[in-house]
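Consider the two complexes below, in which chain A is the common component and chain B and chain C are the respective partners.
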Partner chain A sequence: MTAQVPSMLVRLAERRATGALLRDTGVLYLADGAVVHAESPAAPGIDVLLTAGGRLRPELWREAVDEAGAACRIAGYLLDHRRMSGGELEIRHLSALYDAAYFALAPDGGPSRFRHGAVHWFGRVRPVGVADVVRETRRRRRYLDDLWPHSHLDAAPPVRVRAAPLPPVTRRQQDVLDLADGRRTPGQIATRLGRPAFHTLVDIRRLAAAGHLETGVRTSDRSTATAPGTRTATAASAGSGPAATTSATARTAPGASLAPVLPPDLTGGAPDVAVLLRVRDALEARL
Partner chain B sequence: MANTETALKDAMTSIEGVIGVALVDYTSGMALGTLGGGKELDLNVAAAGNTDVVRAKVRTMELLGLKDEIEDILITLGTQYHLIRLLRGRGKNGLFLYLALDKSRANLAMARHQLRAIEADLEV
Partner chain C sequence: MSGIDECLLEAMRLPGARGAALVEWVSGLALGVVGEAPGGDHEAMAAEAAEFARNAAELPVFSRTEGAMDRTGADEPEGRGAPSGTGEANGAVDPAGSPAGTDHRIAPADKEPPVEDVIVVARTGYHLLRFLEAPYEGGVFLHLWLDRAQANLALSLMRMRDLSERLVLE
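Entry: the complex of A and B
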């Protein structure tokens, strides 16, 4: 089913379909075969992104919903009443659209249904082609995996590592760390911060790569290996008994996608290019 | 009160020697809009790659303790200029305009000036 979602989308685009593509992880709205909106329970909605940081006062948002929600033209209302410029509305809307689409088109998002004729209440801003959305969604998935290849971090509540010393973080990353209490999911953190969920996932992967957040790979000795990246490096280069134990632990850890990359026989002669690339990426992420 | 498409079109038509222009979100590396580029320059790839340039510079400034903001970044190639202008202001934080110019036809000072005007147009 998962591989069929893009081809189903392409067929809908070719037929210039209008309606909603429903999946467990989100909804994609099409109009005349182009994507006009997307929503996902894992990403903050357009209302959150527009009112974030007091940009649009909540009462003005409610007014727009009351006045234009039933007619499905909130975007038009915001523009007509000069609540926002065309450029800013477009930027924020596209940002919300691609953000939710990333989850709606997730490979493990379950079966898809298409409800013909469904229209989103926000109204049309700037439709984007199905091909663009599919390409960008794939690029985002690759991008996250290049940062730190542990996709379970996208959904699991991030857990802080309180070990010193850790590399300094940026202000935006600090905001994420401050909210990582082991209970809030990445989506909830994004909503609290009023930022797109994907941006929060980028920060989470970087923080995990740098050792600030748990990756979900258990280790018995954190003092010698503060970052998961360091652990990988140790396992790959040492090739001795303890390193093999580390890889075995990694393999049994729940949701750890580290395992398939580690060679089963660490004493083998040829260097494992995939591991070396990953070590390099992890080191770069710590820069 | 330009929308993004108009702003990119302005950049394409008003700046001398433009090869391509993109409006990029630098956290996700996504191009919110692109114009020009063609076969010689894939702007989506350029957008994603140049976010690393911006990130590295922002990071360096934080490490140096410089309490300042980047206005633009210029990269000079043998035959091209690449200009990155970070956008400020409401709703535009975390975005940059990326401009690729033909070095033999472009006037760098003019291009920077016009890019600033286009940024202002994106404002309310």
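Entry: the complex of A and C
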């Protein structure tokens, strides 16, 4: 991430600021200088993660939103009405917070603005220090690059390789492979699975490293030959996607297959902002 | 029990406890830490223990339940059978009737993890990893580091099981 964002966060923490740090790639909510929530268009929201697989029935979630959303204390409502234990709520909320923060603090997440006084509707669960969030975000970036140093895979729709005998995959990875149709982005796959986006990125990097997914080096990258499959798939996504995807793609399509030239991946690069915007558009179109 | 910190502090009351953490094994995220960490680095301890836990949870040799009765038995949806050698534990099937829609794969993982505990006996200490029995897609485990000279392994294991259950139930 750029140097300015962490230092801006540190200053806000020192001033015990309350509000929202807004970037193109996501939002970090602070209360009294600590991080209390994060959201990103590239990551499933807390509503998706809490209701995943029927853990919290959607009607109970809606009830909590109706009853406590306006007062910004949905978390408190879920606990008061014993919808889940304090421990489980903390676990799920922290998982969602760090997941979205990874994108919100992306190196090329654009300029930052701070809206003083903004409060997130979910309510406070377990505030985390700014330093912890920044450190964890960096650790995650290093972790992914250690697995397979191709950061454009964080945003590009994964494309399956159906060749040769490939090594076996775990059940979690099989779930990701089943949804890798060359159109869905990692964020969309995570939302379908009800998993944090970062977990999907981990699976995608492992799958790409194992040869199950195309790494799809961009034409501008290094000396490596291009991966024709990836570009074909990108072009196909503009025309043949399902309704939501198609309409979302259409709005931002001009840049889609003419993605900006990125530096070599080994520098640990950034998610493609244009793709992240498409993810946001697609998610909004579904709501 | 009201949350992660209470759970970890309670684990630290065990004889010989040196450090405890709650860790998400897919990401290596430490959700909470108390006490010491080997080398003083909680982040490294969480990341390394997560890698170890991931292998325990996913490698077929540990998770396969061949010969044992499948817990969900006849409820196994069509096509869920694990091709041999894929790392899909036979026990890792989705509960039938999941409200997640028609695609049975978009359902929570098994409530009960195929591996429950991992115990590492080091020269001077024990490391106990206890997987939480909850449908966390992320997979979460409790990690307790104990001084081998002072710890009671059987007692610690029982207490960890109790703590992990209460963390998500109460």
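Here are a few things to note about the model shown:
Methods note: the second predicted complex is superposed on the first by the 215 of 287 C-alpha atoms of A that agree within 3 Å, B and C clash if a C-alpha of one lies under 4 Å from a C-alpha of the other, contacts with A are read in each partner's own complex, and residues count from 1 in each chain.
Note that in this section a contact is a pair of C-beta atoms (placed from the backbone, for glycine too) under 8 Å apart; a residue touches a chain by one contact, two chains touch by 3 or more.
Keep in mind that this is a model prediction, so the values were computed, not measured.
Partners chain B and chain C clash in the overlay (superposition on chain A). Contacts of A:Pro196 after superposition: both chain B and chain C are touched.
By the touch criterion defined above, A:Ser85 reaches both chain B and chain C. In the superposed pair of complexes, A:Gly54 makes contact with chain C only, with no contact to chain B. In the superposition on chain A, A:Asp175 makes contact with chain C only, while chain B stays out of contact range.
In the superposition on chain A, contact of A:Asp24 is made with neither chain B nor chain C. Chain A is touched at more residues by one of its partners, and among chain B and chain C that partner is C.
Within the superposed three-chain model, A:Glu67 lies out of touch with both chain B and chain C [touch as defined at top]. It is stretch 110-118 of chain C, out of 74-82, 92-100 or 110-118, that runs into chain B when the two complexes are superposed. Counting contacts by the rule stated earlier, residues 55, 85-88, 90-92, 94-95, 98, 126, 135-136, 139-140, 143, 168, 170-172, 196, 198-199, 202 of chain A appear in both its interface with chain B and its interface with chain C.
Residues of chain A touching chain B in their complex: 55, 84-88, 90-92, 94-95, 98, 126, 135-136, 139-140, 143, 168, 170-172, 196, 198-199, 202, 287.
The touching residues of chain B, when paired with chain A in their complex, are 1-5, 7, 23, 25, 27-30, 32, 44, 48, 58-59, 62-63, 90-92, 94-95, 121-124. Across the complex, chain A meets chain C through its residues 52-55, 57, 85-88, 90-92, 94-95, 98, 126, 135-136, 139-140, 143, 168-172, 174-175, 178, 192-196, 198-199, 202. Only residues 1-4, 7, 22, 24, 26-29, 31, 43, 47, 58, 82-83, 85-89, 92, 98-100, 105-109, 132, 134-138, 140, 166-170 of chain C touch chain A when the two sit together in their complex.
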